[in-house]
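Here subunit A shows up in two complexes: once beside subunit B, once beside subunit C.
The block that comes next holds the complex of A and B.
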């Protein structure tokens, strides 16, 4: 029983990172119709930037953290401007394949600069576990979970009350109407990618001490799209629930079936959802207009 | 029949390659043909029926491993190869049937996860696939030994030409027209009496069968199967091939395949830069030449006299870049 509870807690902590990745993807997709496969590569770049400042330059954690986030923001805005905005009018599969090319590009750039070998990132918090109600946790886990939850909570007032957040929602609803109301659609595209970079970059740096830093670490986060599909690619709440669900499913499958199943199960879940309920687990059906 | 000098020249070159070229050249040309076959199937699916498949490497993997497995069980290669193609086509049906309900980006994600699952199966099901250590794939020994690269080269080229002719005939038949209609507008073509379920599944079957045959040829050509040659990035590579060569042109599949088979050999010295240049070239093609090499050549042929002289070369290339503003994206 304790073991099951422990696994579920582990799954929730893993799932919170998936949820953040998925939220970034959903926000981007709703505003710009792009499915960002290269999401994990932004995580990886953030981890590498943080690693460079923290370990190679020896700067303080706070400084390297904020610098790394800043660089990822610049990077992701540049990607949007240079690679994806010219494809706005193109059919949707071109966007997917373009972000896939970005995935290849970012991965190979990371390999060119930092080499293929994995690095360790020194922990910035104690990794000695403590126990609450017989469940082992580390401070690090708590921080990862807490930050994810904080972001999720902050997103609500952001979309509800701030000018930029409202602008993003307007662009999601109707681009032409939004631009008639004086909202710069292009600017919103940049802001959306910026928001995504903040979400994903934070995850990258927080996870770096746990996972290590290496050029293919982004592939771990490709599951973000599985989670996004669980939420029907439109619902933020759906992605949060989906993230926790997938995290728990994966951890349980990894423990009770086999570690190989850990990866396979998430993709099986995805295909099942797409076959049974393509609009996502939590959304009502959509009528198609001709 | 009209004599086409270009075609004759191509045949002549293909026949002369094994006699005049080095072993290395033979290998590269065979590789182009194998990649081309897989891209050809994908072109029918993506370029004609307008569906998206991010999992062609999965179908290639099914074909390759099934063929190698049956050869290992003592079957003849000439029986194993079609079995590999058939089983890949079966996988295509399994993926294609649910694909009727989903489309666009969902289909892309579903096929992508199919390719992932296949890759993970290859890595973890060690008793059959050999896992990360790989699997030996031997060449046929009947009616005579094909160990010599030249002989196997002819097999590959023959099959490639045969499959190309079949694909061209499919595309020009009522099936091809139905595919094009579906691509243009599903609801309209359904109301015109085109059976969507039949044709969409059929496109998937054709695509996966071509992929499977390509896989069955790939194994013996390389001599060795490794899960790392069937990753999700390889699926992306097949899409890049048809985009680069020109979607919906069939010949484009081979042009793209030639590009992606030859580029790594050119960049052999600078292996580090290989993937980076793949990605960059592809993004540039998507933005500036979305219709690929063939699309460019076709326009170039027709409008050389007027347009080309008037606007100048560079402007001409960039003029082509705009994606047409058609229907809003669904």
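The block that comes next holds the complex of A and C.
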């Protein structure tokens, strides 16, 4: 029983990082119709910025974290403004290709600046494990999970009560109507990229001490895309449930079936979900006026 | 005006003809000119093996630059073009073809993953280009002898695998022995040879776990490993993956003696894994550790590396020193081939090398029948505060 609980808890912690990446993708997609394949590269850039301030400059973790998030926000907004906004009326495939190009460009830039070698990011919390109800955890696990949950919770009042959040929702529902209501659609595009940068940037810096920092680390977060598809690509709740589900499936499949099979099982489950419910677990209904 | 143009054109054509004659005269041998030798070099500079790839590049380049600063080889400077093979066979083949067919290199150096090297073997054999590697350890690289492949550095993988298995069983007296390996060619080959050795000793592994390169979660494997409760686990993993794995093992209370294959013996593993690396043992191919700076050769290496590459956390590493040492052997071969350089002479020069001593690793001897140059393995242990010590574990595979 303890064993099963440990597997599920570890799956949930892993899944929470997938969920955050997926939420960012969904927020961008709903507002701008862009599927951001370069999501993991923003994670990677945040980790590199954090590494530069923390390790190379020797600044405090909090300062490094804040500056890194700030830089990723600027980078995200610049990418949106320079690379994606000109394609605003282009078909969705054009946008996908554009974000794939961004993936390659960001990886290459990281390699040019920091080199291809992986760097270590010193832990900011103790790595010594402790036990809660016989489940072994580290402070790092708690912070990663806690931050992910906190972000998920904060998104609700943000979208429901803040002016910017409401503006984003309005743009997501109907861009023309939102524009007629005096909401600057272009500004909202920048804001969703900014929001996404905060989400994935945080994950990048929090995971850096565990995974190291290297130019191809963004590829690890491609599963955020899988989770977004699982959740229906339009639902934040779907992304959260999908993230946890994928994390748990991976750890359980790895244990009960085979560790070599865990990715295969995860993707088989994804295909099954899409066969049973082609629009994803929590997709919002789409109605078309004929 | 038209006449002037025609005269200029004529002069240009004559100059081109003279130039091309001069060039062809000096470049009868691909990659060799009067004052330079073009070397193609390979390393994984992207993907999960980047740590080892960067060490391959930086360690070797340090020595090549030293040679150039000292005047080159027989009056010729080394020009080294590095290509990324990503440890992927298709990329390896493309990189080798580019180096040989487009860049026209004289010889090849480096490589970390045997799969990428072996995939490119037909091209190398067709073009008769010598390839020296310090890292690639798959036995088929030198057994049976391939006319153009030479290795001095890591022992062949089958011997390495048997060595760590023997150390676990005989030196550390493991009661239950486990294996944790990558699912790639390297890891599977290691696993099979460990299993073979254990079968010979009538020992059944208590657990065999696998993971994919680039995995970030090892909970399932470690939970099973915990239940099997081996006291020794033999580890055939790349640096980044192993560093993440041992941290999770510590968290989950899986605390066997980890005995690692070559990659995890390198400094970045311990730096990345932190305290979770303490108590682990790993293969180590040198006579000395990197902090044995009282040894002149080690001190010289560290000084040159610092000057040319710079010191970083975990660098220089064992991988850097491995390829610095490899570059010494490679350069020795080039020197022996003489001033009138060609590819046949280079192969003959390598095969004539007897007991060449770099002073860092065991002496290198090649012959027509033996293209693996040296045998010798130590063990390095990671101590508290990530100090390192050589362990005199006498296990001959």
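Following the convention adopted for this analysis, the second predicted complex is superposed on the first by the 279 of 290 C-alpha atoms of A that agree within 3 Å, B and C clash if a C-alpha of one lies under 4 Å from a C-alpha of the other, contacts with A are read in each partner's own complex, and residues count from 1 in each chain.
The criterion applied here is as follows: a residue touches a chain if its C-beta (ideal position, glycine included) is under 8 Å from a C-beta of that chain, and two chains touch if they have at least 3 such contacts.
Keep in mind that this is a model prediction, so the values were computed, not measured.
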First (subunit B), second (subunit C), both or neither touched by A:105: first
Partner chain in contact with A:65 - subunit B first, subunit C second, else both or neither: neither
Which of subunit B and subunit C A:137 touches, first, second, both or neither: second
Which of subunit B and subunit C A:129 touches, first, second, both or neither: second
Partner chain in contact with A:117 - subunit B first, subunit C second, else both or neither: second
Partner chain(s) touched by A:48 [first = subunit B, second = subunit C, both, neither]: neither
First (subunit B), second (subunit C), both or neither touched by A:151: neither
Which superposed partner A:11 touches (first subunit B, second subunit C, both, neither): second
Subunit B versus subunit C as contact partner of A:254, first or second or both or neither: second
Set of subunit A residues, in rising order, touched by both subunit B and subunit C: 111, 260, 263
Residue numbers on subunit C that touch subunit A, as the complex places them: 45-47, 50-51, 53-54, 84, 183, 209-212, 214, 216-221, 223-224, 227, 239-240, 243-244, 247, 250-253, 268, 271-272, 274-276, 312-314
Contact set on subunit B toward subunit A in their complex: 46, 52, 54, 98, 101-102, 104-106, 108-110, 113-114, 116-117, 120-121, 123-124, 187, 233, 236, 239-240, 243, 272-276, 278-280, 282-283, 286-287, 290, 321-325, 329-330
Parts of subunit A lying in touch with subunit B, wherever the complex brings them together: 29, 33, 35, 83, 86-87, 89-94, 96-98, 100-102, 104-105, 107-109, 111-112, 225-226, 229, 233, 260, 263-264, 267-268, 270-271, 274-275, 278, 288, 290
Contact footprint of subunit C on subunit A as seen in their complex: 3, 6-7, 10-11, 14, 55, 111, 115-120, 123, 127, 129, 136-138, 141, 210-212, 214-216, 219-220, 250-255, 259-260, 262-263
